[in-house]
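You will see two complexes here that share chain A, one where it goes with chain B and one where it goes with chain C.
Right, the complex of A and B next:
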């Protein structure tokens, strides 16, 4: 009985993950390479042939490339600040962590209130006399402003998750290392670069993988700020599933997102390789 | 400490830079939320007007317009119901697995752990695509339970890893002491372990709630009549007036503020372990 107990405790979770994780994944994979029940690559051809696919793909990549490095630097700064604070630590931590609980849709709406035509940015610019009347910031003629707004909203919203992971990681680094470096005359920057950063590798790995995957899933922020003017892979998947009612192509797009996510996960694992013995 | 060697003037200016940096980051996080609430707490006319004031008129017209808008009350209720179901499912299924992983060594443990960690490497909302068909076949389409099952897939890996770290933090000796005093394994768990783990379990339940509350894509794909608030807002984005959007945004943000406050103590302990 007691030898079976752990398996019985694991059974519900295993069964659930098989039914709602592994099974749908095999379904979406099959959906992507079949058309009317026969094996065919037509879904992928349709997807790649659609005029929006190229821009959706590159917009997604470009957004990830613009957002993730900024977030990494910002999250590291926030985490270092928090680990140094003596007074008000928990308050500052709470404030920095707030965006963690805010959905991408809400973040999109928040930044919409700043960037829309009668919004706060225009009020500010007119108030300073830089503009004499509010300009249309999120129109099709100012594509780069939409892009900038999306980047800001994403950085604002999703830096918190990286920060939390890095703070947790910094808590695991023994204080003695930094103190030893200090005794040998290392400056603050040298201590950060030569001690903290290498010791933080496992957390950096988790934070980057999680963030890069979420960056490829970017969806509601883009829809809230750009409507259909900035297509991304996720919004195109939604379009094919709903507006165009084509499950096969939607599945093909899902496979593309999956492929990109897996490729980048492997790349990060490779680049930030941590030997098993070196894990804290 | 070698720091005493540094010129006090430099130290003071360094301190000043540090404090300014913290203040700027705090403003960076809080100001956008404040601006959303300014809009939500102003009249619809003020929301559409220009220029904007940085101070709300504390008028509830926008919010009452939002709550009176047809479909909003139902969407809000659906969001709460789905999130509660997700919370119960993911803890109910995840906590036993977390307990098993913390207390037993058994064949297949690493495999299970790998399966759980692997789920994080996939864009999970996409699971909604094939499930839409499966749900139509089983009659789960457009139901609270159907959507909650998908959201549980999102929250379950976290629930397993978090409860695993929680139970690992409680010494086995406590349980053994209870056994020698004549408790069965179940009694020992209920009387000794559960009271100690309860606050942490509640925190991970809140975390599951937030995950479900915020999810947009799967909710929009899987529900038509029974939309959640995020799906409702997304669906009506291009047609709804500004006050509706901003009041809706505020309604989405409000619970998040409270929940993150409620679990703030556990946030870092949870992630410290969930990392690996």
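Right, the complex of A and C next:
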């Protein structure tokens, strides 16, 4: 009985995953390669043939490329600050983590109220006399501002999730390494670069995988700020499923997102690989 | 302690009964209309509250609306009692709708009833309400009207000249167009611009006349507020003054007329070489075969057609009645402003009525997307007009072939799928 107990305890979660994740996932996978009940690649052809697919794909990639590195640097900085603190550590941690508690659509709407034509930024600039009338920021002629607004919103919203993982990871690094480096005269920067960062690899791996996958799934923030003007893979999936009522092509797009996510997960796993004997 | 537990569980049971009780008895009215929260609330409070037993009115976007009814039909068992939707949304469901010819409909015009048959011999839906699209302008802009132009019989060229003069006089483009994600831009191309130049919505999609039409729109776009790609309802930018001349659905202009009735005018859509094309919007009510209580469903459909319900619906949604009825004098200003403009448009000498797409089944969204994509590529992305029309015509043709939809007005009737020349 006691040998079986761990498996019994795992059973509910496993059943839940199979029923609500694996089963629908296999349905979607089948949907993506069938059309009218026959196996075919037509869904993928239609998807790739649509004039917006290219820009949706590259927008998603560009967004991930712009957002994740900024978040990595910010999260490392924030985590270092939090780990060094003697007093008020949990208060600061809570404050840093506030955006995590807000849904991504709400986050998008907050930033929309800043960037709108009648939003806070415009009122502020007009109030200061820099502009004489509110200017259209999120228009089709200024895609780069929409893009920038999305990057800002994403950085604001989702940096904390990386930070939380990195704080936990920094807590696991034995103090002795840092102290030894200090005895040998390493500067703060050298200690961070040569001791903390390599020791942090496992947490970095987790944080980056999580964040990169989430970046490929970016949706609500983009829709709130850009409408249909900045297509991304996820918004195109939604469009094909609900507006165009074509489940096959939507499933094909979902498979592309899956493929990209898996590819980048493998890449990160490889780049940040820590050999077993080198783990603390 | 024991008593307390008993009391608590009793309370909990009572709460559950309270929450579940009325919801079970109320018939579900599953609709794509009156979607904005205020309108849905008015439908519940002012229109449907007098139906005995009450009605659970739920409105959603077309996609989820269709997904739920499809799921219920597939399961063979449902909770939806009555469906409300536009003509185009209901067409495609015809094999799963109950024949409603037994319902008293003497006060509805034959033309409208004919549409409700969806091309079958049975009455698949009963017309529920109707609307169209109009132009609206701030009275401040009237001074820039080109010489000799009559507001009630504008042409596209005059509209462009007017928008240009207004832009030059006010220091910025002031024409407004609902090109936002939820805006009804596709209806303008399908039912107004293209038919006015080509006398067609589908067949002449890539004709030389269509090219002219898009080039005209390109001209108009120069004097269009670039924020238009964010507008879904034109009433707001009209009220803020960001826009002085606009095109939209009557229900999406109503707020402007209601809030400042003395500041705005409504007028017919412009005319092109082939006439003054305009699109009529017909919404209908239907009963799916899976409705849980057929008697109650039919009673609800009859209730929707009562003159007092129709007037209440007009107040709630700004959609006009389909039954002949005397309108009371205390109607909101929007009705008084848009009523005469609609009459001027439908009864114009060069009137060219067009219909919402039909026979496309669940491909209505893809059909609209053809026009939206054409707009985004030609106007926003600045691609070559001829090239884009050729590309999109291919998409349109394969769509018509897939759905086998025959032509509808203004295209000439066809045997088999509507051709794209």
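Note that in this section the second predicted complex is superposed on the first by the 279 of 280 C-alpha atoms of A that agree within 3 Å, B and C clash if a C-alpha of one lies under 4 Å from a C-alpha of the other, contacts with A are read in each partner's own complex, and residues count from 1 in each chain.
By our rule, a contact is a pair of C-beta atoms (placed from the backbone, for glycine too) under 8 Å apart; a residue touches a chain by one contact, two chains touch by 3 or more.
This one's a predicted model, so the numbers in the text were calculated from it and none came from an experiment.
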Exercise for the section: Could you tell me if A:272 is touching chain B, chain C, both of them or neither one (first, second, both, neither)? Expected result: neither
Exercise for the section: Tell me which partner A:33 touches in the superposition: chain B (first), chain C (second), both or neither. Expected result: neither
Practice task
State whether A:168 touches chain B only (first), chain C only (second), both chains, or neither.
Solution key: first
Practice task
In the overlay, answer first, second, both or neither for which of chain B and chain C A:246 touches.
Solution key: second
Problem - Which superposed partner A:262 touches (first chain B, second chain C, both, neither) - result: first
Practice task
State whether A:102 touches chain B only (first), chain C only (second), both chains, or neither.
Solution key: first
Handout entry: Which of chain B and chain C A:203 touches, first, second, both or neither
Key = first
Exercise for the section: Classify the contacts of A:25 with the two partner chains as first (chain B alone), second (chain C alone), both, or neither. Expected result: first
Problem - Contact breadth on chain A, by residue count: chain C or chain B - result: B
Practice task
Name the contact category of A:138: first (chain B only), second (chain C only), both, or neither.
Solution key: second
Practice task
Would you please give the residues of chain A that touch chain B in one complex and also touch chain C in the other complex?
Solution key: 117-118, 223, 227, 241-242
Practice task
Give every residue of chain B touching chain A within the complex, in rising order.
Solution key: 2, 18, 21-22, 25-26, 28-30, 32-33, 35-36, 38-39, 48-52, 54, 92-94, 96-97, 99-101, 103-104, 106, 108-109, 112, 115-116, 119-127, 129-134, 149-150, 152-153, 156, 160, 185, 210, 213-217, 220-221, 230, 233-234, 237-238, 242, 245-246, 248-249, 252-253, 255-257, 259-261, 264, 267-269, 271-272, 275-276
Problem - Touch list for chain A against partner chain B, complex - result: 2-3, 5-7, 9-10, 12-14, 16-17, 20-21, 24-25, 27-28, 31, 77-78, 81, 84-85, 90, 92-106, 109-114, 116-120, 122-123, 126-127, 134, 156, 164-165, 167-169, 171-172, 182-183, 185, 202-203, 206, 209-210, 213, 216-217, 219-220, 223-224, 227, 234, 237-238, 241-242, 247, 250-251, 254, 257-258, 261-262, 265, 279
Handout entry: Sites on chain C touched by chain A in the complex
Key = 61, 63-64, 66-67, 180-181, 226-227, 229-230, 240, 242, 362-366, 368-369, 373, 376-377, 380, 391
Fill in the blank from the handout: Per the touch rule, the chain A residues reaching chain C in their complex are 51-52, 117-118, 136, 138-141, 223, 227-229, 241-246
